[in-house]
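Across the two complexes that follow, chain A remains constant while its partner is chain B and subsequently chain C.
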Partner chain A sequence: MKNVARIIPCYAADTSGVCSALYELGGLTVVHDASGCNSTYSTHDEPRWYDMRSKIYISALTELDSVLGNDEKFISDVVSAAHDQKPEFIALCGSPMPMMTGFDYDAVAAEIENRSGIKTIALHTNGMNSYIDGASEALCEIVKAYAEEDQNIVNGINVLGLTPLDFTLGSDKDIRDWLKYYNFECVCTLAMGSTLDDIRRMGSAALNLVVSQSGMAAAEYMLKEFCIPYVCAVPYGKLFSKKLASHMASLIRDPLNFSPFVLPCDGFPEADTVVIGEGISAGSLAAALWSDMKVEAKPLCTLPSHSFFTAKCGGQLTAEEDIEAYLKETSPKTVIADPLYQYIVPDNTRFIALPHFAFSGRCFQKDMRSLINKNIKEYFK
Partner chain B sequence: MIKIALYGKGGIGKSTCTSNLSAAFSKLGLKVIQIGCDPKADSTINLLHGDPVTPVMDYMRIHDEEPDKIGQISKVGYGGVVCIETGGPTPGLGCAGRGIITTFSLLEELELFDTVKPDVVLYDVLGDVVCGGFAAPIREGYAEKVLIVSSGEKMALYAANNINSAVKNFEDRSYAKVRGIIMNRRSVENEEEKVRAFADKAGLEIVADIPRSADIIKYEDMGMTCVEGDPDCETSKRFIELARLLMSEDKQDD
Partner chain C sequence: MNRVNGLDKPCCVKITDANRDELFPSGLEYNPPARGMWNIVHSGMLLPGAHEIFACAQGCLRGVILTAAEMLELDRLSWISVSESDMFDGTLESDIVDGVCEIIEKLDKRPPVILLYLSCIHLFAGVDFEAIIEELTKRHPDITFVDCYMTPTMRQTVSPVSKMSSQLYAALKPLPFNEKAVGIVGNDRATDDDSELIKIIKSAGREVRDITLCKSYEEYLSLAECALNISYIPTGHLAGEDLEQRLGAKHMHLPVRYSYDGLKENYKALCDELGIDMPDFTADIAAAEKALDKALKIIGDTPIAIDYTVVTRPFELAWLLCEHGFNVKHIIADSAAGEEDSFDKLREKCPDLTIWSAANVNMLYEPEQHHEHMLALGQKAAYYFTTDNFVNIVVNGGYYGFSGIAKIAELMIDAYNTPKDRREVLRLKGLGCASCLV
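Let's look at the complex of A and B:
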């Protein structure tokens, strides 16, 4: 029974990743699933739900629709809703049932686009993967659809992979402030605090900053299509964020010296502090703990991560039993992770809670803190 | 690349036609992949001299995990044809259509086309277009043309009509189009007239006329295709002619 989570929860699903990534962009996001599932996707996993409007719809798929293959009903409902709501674009994504019946998102998206005249994006989620997969595809497709070549902004930065599933609300402002402090110009924070117009201007940036794995596919695309290099890191702490800013400035000056990873992840394989979480975030926090506090820490990625992290960091473990066994075997003195991980951490280990919305949802939302360009000594004293 | 799906009533000779067509393409020097999309997993048996390939679904059932190499779920048969079978669930359980979709996703992940670099891909699909899974071979990125195998028997023509209608339903989507009918003769009275009447009414062309021949059974008993057993016999010539026709059309399309 591999990959069964008996004690800890699983991360938000790929469908939630799509909804979160597209929430602020003015599109009509349609999840092909049974009625009522909107609350699972957009209220449990969406902290903006009560304060910010967004056109997140559920198709209200029924058993008969599935059995009979009533694609026409889905198509006409979406076209009708689009005529009422007049969205900037339409995004389709799915759940386990359409996956089982072989629903063809690409063909249906093409039909909807033909009938509605509105750009329609097919996103191939099935509710079986983590939010990283959904957010990653959504952000990449939206960049493909809207980013344009533009006049270069010398110190222009796009921030990729910024969603509330990984970052506290207000993180977009923290990153903008940090960029401004170090004389960068923020072009787009994808996808918190930005609009489709910001996305259209993304081609003008000199550098992409990837703050979570959700932004990696878009960064790879922009490297290939726009020749914009990228760096993977979150500006946590004061000294690490300063170091990161310096690395970004040198990369802009010398883009041929392209090195996307600035984390000293492979520096402390024997570290007795383990940071559990999303790869780039956990790696950046480990880097910040060293830069700011001279604490040796190593990240443990519990979500799909770039091979850099799986090869050089503490590793990638996604199954509860593997994570539990790793912690038992390595007996770290300190574990930094979402509070719900506490139940599989050995008893004699010091545990520092760092709530992660994609893991524990609203349970510990009030305890979430932004560590972006902040003095982290207080938090981890 | 030539990408064709063969559909037709159960037992009408789809696998026979597909594997003879594969053998004919390979005889003309092309690199071929044949993918059997039938839970019975017997599409490629006559390209493999009776030594079957492990179907994808069987591999997953036995190993409880996905294969990570093409070689684990394929075998090279006559003329270098790469043979793959989707297989299916335990009879009476699961979902065969979903099995086809799962197999196709897996073949994409394993980068089958980039690895083998085929000139021709043939999909041999079970009976009718009965659900989303069995329509998967005609979706964008897979087959571009459909060949319907039919004899002059009433039920074979009935199935051919259903298949043609099903494919037409997807006209708004970038799915494969029906290229024509392979008339696989079964010694039915007035067979050609009957098939031609259907073809005319449906606006389809008969692209090949395969004679009723003892050669097919003779060589199948020996675990091979007619094209391999006797490339000069009339049946083999018809398949080679069809392969030539499809090759020339592909060149024109390019």
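Let's look at the complex of A and C:
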């Protein structure tokens, strides 16, 4: 069955995606839930929780309020918290129970905005999808709400989809350093290391760099609204990151010749190295392995991904049985993946651990490394 | 108290101004990073040989799976994710049955018992859990299936931890009673051997049985031989009641107390039940007094903060300490239910004592406030009041009685003298469990 797993974990859920995406922006984020979502998020999905305060709360939904449809309790509690904490904005999302009761996020958001006078964003999660869905909607909505047309910055770059669920803390600095080295100006790193003011300036960028699927919806929106093209890749390795920088520069020079993908981020069909993970990240690592080490690899996407990244491994594989069957059938020599995938990798396969926070949470946090603009030969030798 | 001014829902209140029956109005809740309390995954792992299967939404699964992963027990937990369509397409029960059967087939070893957890939405959708258990039992008669509940939405009816404590014993089948066997039920850690509770039971020629001491499934099954079961923490009460109803074993609830009279009442009831004379506790009380005096000499008037996770009766412990001259200034608790007497005494004798909400949103910034140096009893108190000098136990730490009071006094001295790495200690889930983070 596709929804069954004997041993591997599931990825962080959509509610965590929302909270992670909005964490640093000064808003008040409320998950409509009884109790588990915030505990899970703050323990397993959020490495910033201890050191960096963020106004992320649950509604503490009860059985009685669910059964009676007591939305007024939720509304007044949010307005009360907003009164006490003066957030920049309010964001609402929810777990399975509000889905069961047909909670109307849009109407409630409108009511809260009316009462509090604070911009309120409705995000339509139900705790049943991956963090990609939640982060994607959250980042897109925050861009819609705050990004403005601005004077064009010739080499201005926005980085979209940067959250600790996919990238180690400090990755925002690594990307900024890399952009600076190649004479780009970083406008906004959405959403690690940036502020709402940075988001307001996003319309001035010449190009959007989408580093995870979580940034794709915002990129599509900005392409439509601001005519800013985008490219999907992560600057892993030394040579691939150089190649990516060159690709970005040519896109800025010739935006009409716009292609969002960089070869060979889709991987090599006959590759005997498989990189398991989020599409853009896994694809970029496959490309970096080729550029930097002449190793042929292909991405195996276990999360919602563009078909460009899933084509070489038979589509997106999310079920434990499908991933296990694919690896058994194709017998790759090497698998690069989060350590908790090791349980379903064939015994005779070389396994290289690459911890992914959205999968194994804190379990291997101390072993996580940033590969952005780094020499990857040592890591994958 | 300047944090109160201008706030719609202040996070603290002076005890003299507090409404004993509702310390704080409900509202949005914050989750502080103090992870020592156990959850239903930790509890389920107490049953030797059990395999846990959770059927719920991805968001709910995430926390339970990673709990198991962090405690190095990932091979004892599997899952079935639930989608929106599963709720409405008529396959709610059959999907769970098929999913569990598939997992069983894939397991390296057949478990003797499976703890099957359903979630709030299943109950809300009117799932027929009984039919699921019946069908699974028919297909796998060699495995005992136990219905378990991850239902935080229903927490005001019965808390998930309390229900889990009870269901942990649901796999027990009736056995002839062994009059020598006395069970202690509902705990997540063993009772300290030095406790008078244990000594009394043993002095009556009885033996103590406890799931926390079981090494095998067979040993677990023998818990059904207990003719008497004792619970002493609030969340263990339901387990004792259920065993009395189902197996006929007498249940005594002897709550952990931090009052000498309360303890004597408990011991009197126990001795009567066991048919023995009540021992003379003069020496035990003297030892507790001596330990408290020693602690006071060392700790002096250092301010003390107590939270509700460290003991099950924080107000009673606070009163005991105040009576003995300690400078208890803060209690973190959202309710004083069951401790009204201690609350009233504190209100009268310690009017400056402040009560703090554990989950109020305005506690978010409390660690950034300036705090005088404090001794904390409990992880949440340590976190909020930013002290590395803290007693690191949860739910009484297995201590009970006069000896328990003495041991907590010793822990206070140790905490006062030896600071801990607060950040590293607080991040570990399920105090006492193995952790891959260490």
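We adopt the following convention: the second predicted complex is superposed on the first by the 371 of 381 C-alpha atoms of A that agree within 3 Å, B and C clash if a C-alpha of one lies under 4 Å from a C-alpha of the other, contacts with A are read in each partner's own complex, and residues count from 1 in each chain.
The rule is short, and it goes like this: contacts are C-beta pairs under 8 Å (C-beta built on N, C-alpha and C of every residue); 3 or more make two chains touch, one makes a residue touch a chain.
As the structure is a computational prediction, the values presented were derived from the model and not from experiment.
Peer 1: Look at the residues of chain A and decide whether chain B or chain C touches more of them.
Peer 2: C
Peer 1: Kindly classify A:Ile372 by the partners it touches after superposition: chain B alone (first), chain C alone (second), both, or neither?
Peer 2: In the superposed model, A:Ile372 contacts neither chain B nor chain C.
Peer 1: A:Gly69 in the overlay: touching chain B, chain C, both, or neither? Say first, second, both or neither.
Peer 2: first
Peer 1: Considering only the touch criterion stated at the top, classify A:Asn129 as touching first (chain B), second (chain C), both, or neither.
Peer 2: second
Peer 1: Touch test for A:Met222: chain B only (first), chain C only (second), both, or neither?
Peer 2: After superposing on A, A:Met222 lies clear of both chain B and chain C.
Peer 1: Looking at A:Leu289 after the superposition, I want to know if it touches chain B, chain C, both of them or none. Which is it: first, second, both, neither?
Peer 2: So A:Leu289 meets neither chain B nor chain C here.
Peer 1: Contact-wise, after the overlay, does A:Asn114 reach chain B, chain C, both or neither (first, second, both, neither)?
Peer 2: After superposition on chain A, A:Asn114 lies in contact with chain B alone.
Peer 1: If you stack the two complexes on chain A, which partner ends up touching A:Asp104: first (chain B), second (chain C), both, or neither?
Peer 2: first
Peer 1: Residue by residue on chain A, keep only those touching chain B in one complex and chain C in the other, then list them.
Peer 2: 100
Peer 1: Of all residues in chain A, which touch chain C in the complex?
Peer 2: Within the complex, chain A touches chain C at residues 1, 3-7, 9-16, 30, 34-40, 42-45, 49-50, 53, 55, 57-64, 66, 77-78, 80-81, 83-85, 95-97, 99-100, 126-130, 340, 343, 360-363.
Peer 1: List the residues on chain C that touch chain A in their complex, please.
Peer 2: Of all residues in chain C, those touching chain A are 7-9, 26-31, 33, 35, 56-63, 65-66, 69-70, 74-75, 78-84, 86-87, 95, 98-99, 102-103, 106-107, 119-121, 124-125, 150, 152-157, 359, 361-362, 364-365, 368, 423, 427, 429, 436-437.
Peer 1: Help me check something: in the complex, which residues belonging to chain B touch chain A?
Peer 2: 95, 97-98, 101, 131-133, 135-136, 139-140, 170, 172-175
Peer 1: Tell me, which parts of chain A touch chain B in their complex?
Peer 2: It comes out as residues 69, 100-104, 106-107, 110-111, 114.
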